[in-house]
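Attaching a single structure in structure tokens format; questions to follow.
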Amino acid sequence: MTSLEVTLRKLREGGRRAFVPYFMAGMTGDWLRHVEAAANAGADAIEIGLPFSDPMIDGVIIQQAAERALERGTTLASVVRDLATLDVGVPLLAMTYYNVLLHGGLERSAAMLAQVNVRGAIVPDLPPEESDEWASACASRDVATIYLVAPSTPKERVTVIAQRTQGYCYAQGRMAVTGTTSEEGNGAAVAAAVRAVSDVPVYVGIGVSTPEQAANAAPYCDGVIVGSALVRRLLDGATPEDVENFVKSFRTVLDAKNN
Amino acid sequence: MNSPEVFMDKPDASGRFGDFGGRFVPEALMTACLELETAFREAWADDAFVSEFHEVLHTFGGRPTPVTELSRLSRHLGLRIFAKREDLAHTGSHKINNVVGQTLLTKRMGKSRVIAETGAGQHGVATATAAARLGLSCTVYMGELDTQRQALNVFRMELLGATVVPVTSGSRTLKDAVNEAMREWVSCVEDTHYCLGSVMGPHPFPWMVREFQSIIGREASRQLSEMGVGTPDVVVACVGGGSNAAGIFAGFANTDARLVGVEAAGGAAIATGSPGVLHGMRSMLIQDEFGQIEEAHSISAGLDYPGIGPEHAFLADAHRAHYVAIGDDDVIPALQLLSELEGIVPALETAHAVAWLIREAGNSLAPGTSVLLNLSGRGDKDVAQVREILRGQS
Amino acid sequence: MNSPEVFMDKPDASGRFGDFGGRFVPEALMTACLELETAFREAWADDAFVSEFHEVLHTFGGRPTPVTELSRLSRHLGLRIFAKREDLAHTGSHKINNVVGQTLLTKRMGKSRVIAETGAGQHGVATATAAARLGLSCTVYMGELDTQRQALNVFRMELLGATVVPVTSGSRTLKDAVNEAMREWVSCVEDTHYCLGSVMGPHPFPWMVREFQSIIGREASRQLSEMGVGTPDVVVACVGGGSNAAGIFAGFANTDARLVGVEAAGGAAIATGSPGVLHGMRSMLIQDEFGQIEEAHSISAGLDYPGIGPEHAFLADAHRAHYVAIGDDDVIPALQLLSELEGIVPALETAHAVAWLIREAGNSLAPGTSVLLNLSGRGDKDVAQVREILRGQS
Amino acid sequence: MTSLEVTLRKLREGGRRAFVPYFMAGMTGDWLRHVEAAANAGADAIEIGLPFSDPMIDGVIIQQAAERALERGTTLASVVRDLATLDVGVPLLAMTYYNVLLHGGLERSAAMLAQVNVRGAIVPDLPPEESDEWASACASRDVATIYLVAPSTPKERVTVIAQRTQGYCYAQGRMAVTGTTSEEGNGAAVAAAVRAVSDVPVYVGIGVSTPEQAANAAPYCDGVIVGSALVRRLLDGATPEDVENFVKSFRTVLDAKNN
């Protein structure tokens, strides 16, 4: 079992609903300060987006963030250099598209990430069928490969994915790209489908943007992932303090609830 | 290799042609892609479906398109050139073949709506056309820049009952329209088919689109036989995503004919690209050393794509087909020459293939070489642009 | 009459269809007209010529064009409508049939050059196309107003190697372009053929052009038989000069089918005109009480002609065909309906015939009536204009 | 024999080369004054153009003249009314297109013209093959029907036309519409072809615009017709005196020459 999963299972055993914020690496000069702020405010793990020019499953907010990061010259290497200076005490998870890793070289990319305390990776355009090579590059370096389950995923596939995912299973709360903010979602059903076939922690993402939504999700999952809602604030100039407050607002509802 | 290799057969179970292809899509689209694969496999094995496909292309699409011997261009270049006249197909290019297939499949899958991406608007107009005919609703994603450059095609799609959505992300051109269509597909995959416009994207699209387009090559092969020409020495086609090229190559992949794909120099994925993953496929892409996709730049919107269909990447790898690049400057003279000598104004895309013939006649193409040119589309859509460019020059 | 009358046979020796037709030209053009008549008679009786004509239309022109059943429009109107798809012919309308015939004849007569008149540019583009293919030089006369309104078509002709001459006399539209072409013909008749664009002008043009266009009707008749439809109840076509109508009527003139020609209300020579002589023919013309020809006014440039081919005047007289008029206001809704329901954007000219179907469905056309519509051309040339008009309305 | 031909044959017998100017009827308010001036200056017959909207064999000058005349409301009836006031002592010849006569009614038109001393008619778009009806309407009223022979007319046709024409045979000097001013012409050959088969007077027109050209033509014909060169001056505002001078300049060369 990957160290990430060990950590996250422990959280669950401790009755804690995890909160996982997402940052776009290199989007601003002080992006690491935002990451630190989130960790200080109680984030349990942090997704670090490595920007890609054509982010197929991301909505406009993450797209803009990626554009800014790329304009600032962000690369896998620059992110790794940055992360080498960071010590936040919670696991970091890389989130990016496959082509970025391919071009870094799968083994080399995995090695670079592992070296700077990245303990998991989410590659949304890399379904299980295509990920053997990447998964093995990660496996030898204790980098968990995290897979998504979508509302459209049929039962048999849920089983396969839930068995394969490491750290947690990313339950996509809604048939939409990141950053859509409509109210209705399928998070509960997706999480239940995963739980029906596996005891891997289940975190809900895509469709959680407010503490209220997080509170609603908490009963049926082990954690929530919030990306666009946070990144939107950062695009608008949020400070590390703003980030702390943002994270705390989620922390509060997740901790308050006795699920 | 002991037994001779068979080209342009089915891809393997993972949707691979050699090292290329596959299905690199978000989990939210996997089910749709898998269902599509199943539906296509069944439909394509179903005589009733195949007959209907051919029937619609015959009675509605204008097939078979003729093969025209280009006698005056041939004399001019010292070659023997035959043109497969996709410019005469309904909506003015080969795009109709693919959309007729996909819209029929959409109905068969019980879906009531299609979405599509488009660059200059050819595939969008074709999709809107086929959707109108079947009463499917239709939304077309088009880069905002392209909606401005091709405002008339936007209106044409609207006339056909489609909704056109300008895409404001990224470079606001074709590549971004594909991204956006994929994103939108996620949220409507239940009742909506994504009618992709070329031999690209995740499995089964590259294979399926090639199969729908292969009618070009099958017809041409039969027509050349009937004309007593037999297998031509060279088969040449322009390559954007690569669907018209794949369609005509399919008729000659297992003959001695030399297959040549002509890319735009500013979008030459094979000549100047490297392997990578984009839009659901592993193929050759124009990208920087970090895997960031670069914008293609071509005088012709239909070739303005930084990738190429995976089967072409494989055919290049296997040395079965050759891919060359033509710069913008050679395109308009080629369009002019074909117009003046043959009375056919080709699309700017097609003119790339003509430009290659002009460049290579007497060089890599020995006098008397017989050539089958895929005349993928008509130039009506480009006339205003060509006029502006020539005005700017004079 | 004892023996049943045969319609759409040869005109009499003076080029008359009943009271209409003839050859009212300056002496300077008589010789050319007489030579042309002889050349056409010989060529049309020569299997080799006829075969070449068919061969070129087949391999270059995109014939046979399909007959498409318009199922959704049919359901919408309660009719059974079949469309003969001249929009799929090379250059986008039936005009190619005529110019292929006339340019082949030009070669046969040993002439090296053609001139032509054009209104919107369709016949000009078609002539330039056929001339390019045969290496004939080509000059097109076009009213100055039309060169401005259709600047892109001017450029298209130039791309095809033709010279376009703006005509500044009179109303500077089609009628004046015909005058000017006739005038110019006088000075170059030795080496130049005047490639007239419709079933009008002096004998033998109305007959010759109808013969070249009759391939439309012959094909359609055969295709409807093959489809098991047989003779339709109604055959309908738009009428400018009347060449596409004559072409399709020719296949059904001696059947029970009701033949309907649809003129633009602002150029309705039969409905609102009177007999007269213009452009070398006696026919129905829009003119004042003094015999001064009036300007036609139509939303569609191709119907913007104050006369009609003489054979139509005769068919009207003989009650064999019926001529109706459609006003500008009904044209765009018809174009929109066909586009949305069938995925075919018709030319504005063609849309007149569609508008008549819409108007008469359930009225003079009983439910279930079978109709053959001549879909004379595609609307690409008109899309910009339609857009402007719809913008102006909203 | 028509009275026109009798008159013109007499001129020839007297050794006089005829000069026939052309005027567009109704082009200006004082157009009759121009006609009178021409007669005074020695014109032997005068062509009166009845304007038509679509003058197929006329160049830009006559086209413009016709447009002006039509704008001024000129009709067959108005011209006849005008001519009724005129007495110039030389034959008048109507020149127009067939549709104008058709709409007047052939019999009625011929009668109206005959009534005002019009003794001949030229209808360039009415070839012999189509003109029986018109010719018979004219014949009973002593209106000569004048036909053209063109450089392109083959021998056998020349014979037919020369036999049919009355008054004179109009030899078209050039394969062109009226008003073209290039130097070379075929007038000599055309006139010779007519003379070879008939002794009807032969007048050359279309291609004669200057006294020099008239002088050149004089040896091989019995008269010259000048249209556009005169009408152009009238469009530019020429006075009756200008017309007199113009006609005299031709008269001089035609009389001087001893042909």
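Letters A, B, C and D name the chains as they come in the text, with residue numbers starting at 1 for each one.
Note that contacts are C-beta pairs under 8 Å (C-beta built on N, C-alpha and C of every residue); 3 or more make two chains touch, one makes a residue touch a chain.
This structure is a prediction, so every number in the text was calculated from the model and none was measured.
K.L.:
Give me the step distance from chain A to chain D, shortest route via touching chains only.
P.N.:
Tracing touching chains, the least step count from chain A to chain D comes to 3.
K.L.:
Could you tell me which chains make contact with chain C and chain D both?
P.N.:
Looking at chain D and chain C together, no chain touches each of them.
K.L.:
Let me have the rounded angstrom distance from the C-alpha centre of chain A over to the C-alpha centre of chain C, please.
P.N.:
Using C-alpha averages as centres, the distance is 67 Å.
K.L.:
Measure off the straight-line distance from the CA centroid of chain A to the CA centroid of chain B, and report it in whole Å.
P.N.:
Comparing mean C-alpha positions, chain B is 37 Å from chain A.
K.L.:
Sort the chain contact graph into one of these: line, ring, star, complete or other.
P.N.:
Drawn as a graph, the chains make an open path, so a line.
K.L.:
I'd like to see which chains touch which, written out pair by pair.
P.N.:
A-B, B-C, C-D
K.L.:
Which bits of chain A are touching chain B when the two form their complex?
P.N.:
52-60, 63, 67, 70, 75-76, 97-104, 124-127, 129-130, 147-154, 157, 161, 172, 175-177, 180
K.L.:
Can you list the residues on chain B that touch chain A in the complex?
P.N.:
Against chain A, the touching part of chain B is residues 14, 22-28, 30-32, 169-170, 175-176, 179, 182-183, 186-187, 189-190, 275-280, 285, 287, 289-293.
K.L.:
Can you name the residues of chain C that touch chain B in the complex?
P.N.:
Listed in rising order, the residues are 58-60, 62, 65-69, 72, 85, 88-90, 92, 128-133, 135, 152, 155-156, 159-161, 335-336, 339-345, 380, 383-384, 386-387.
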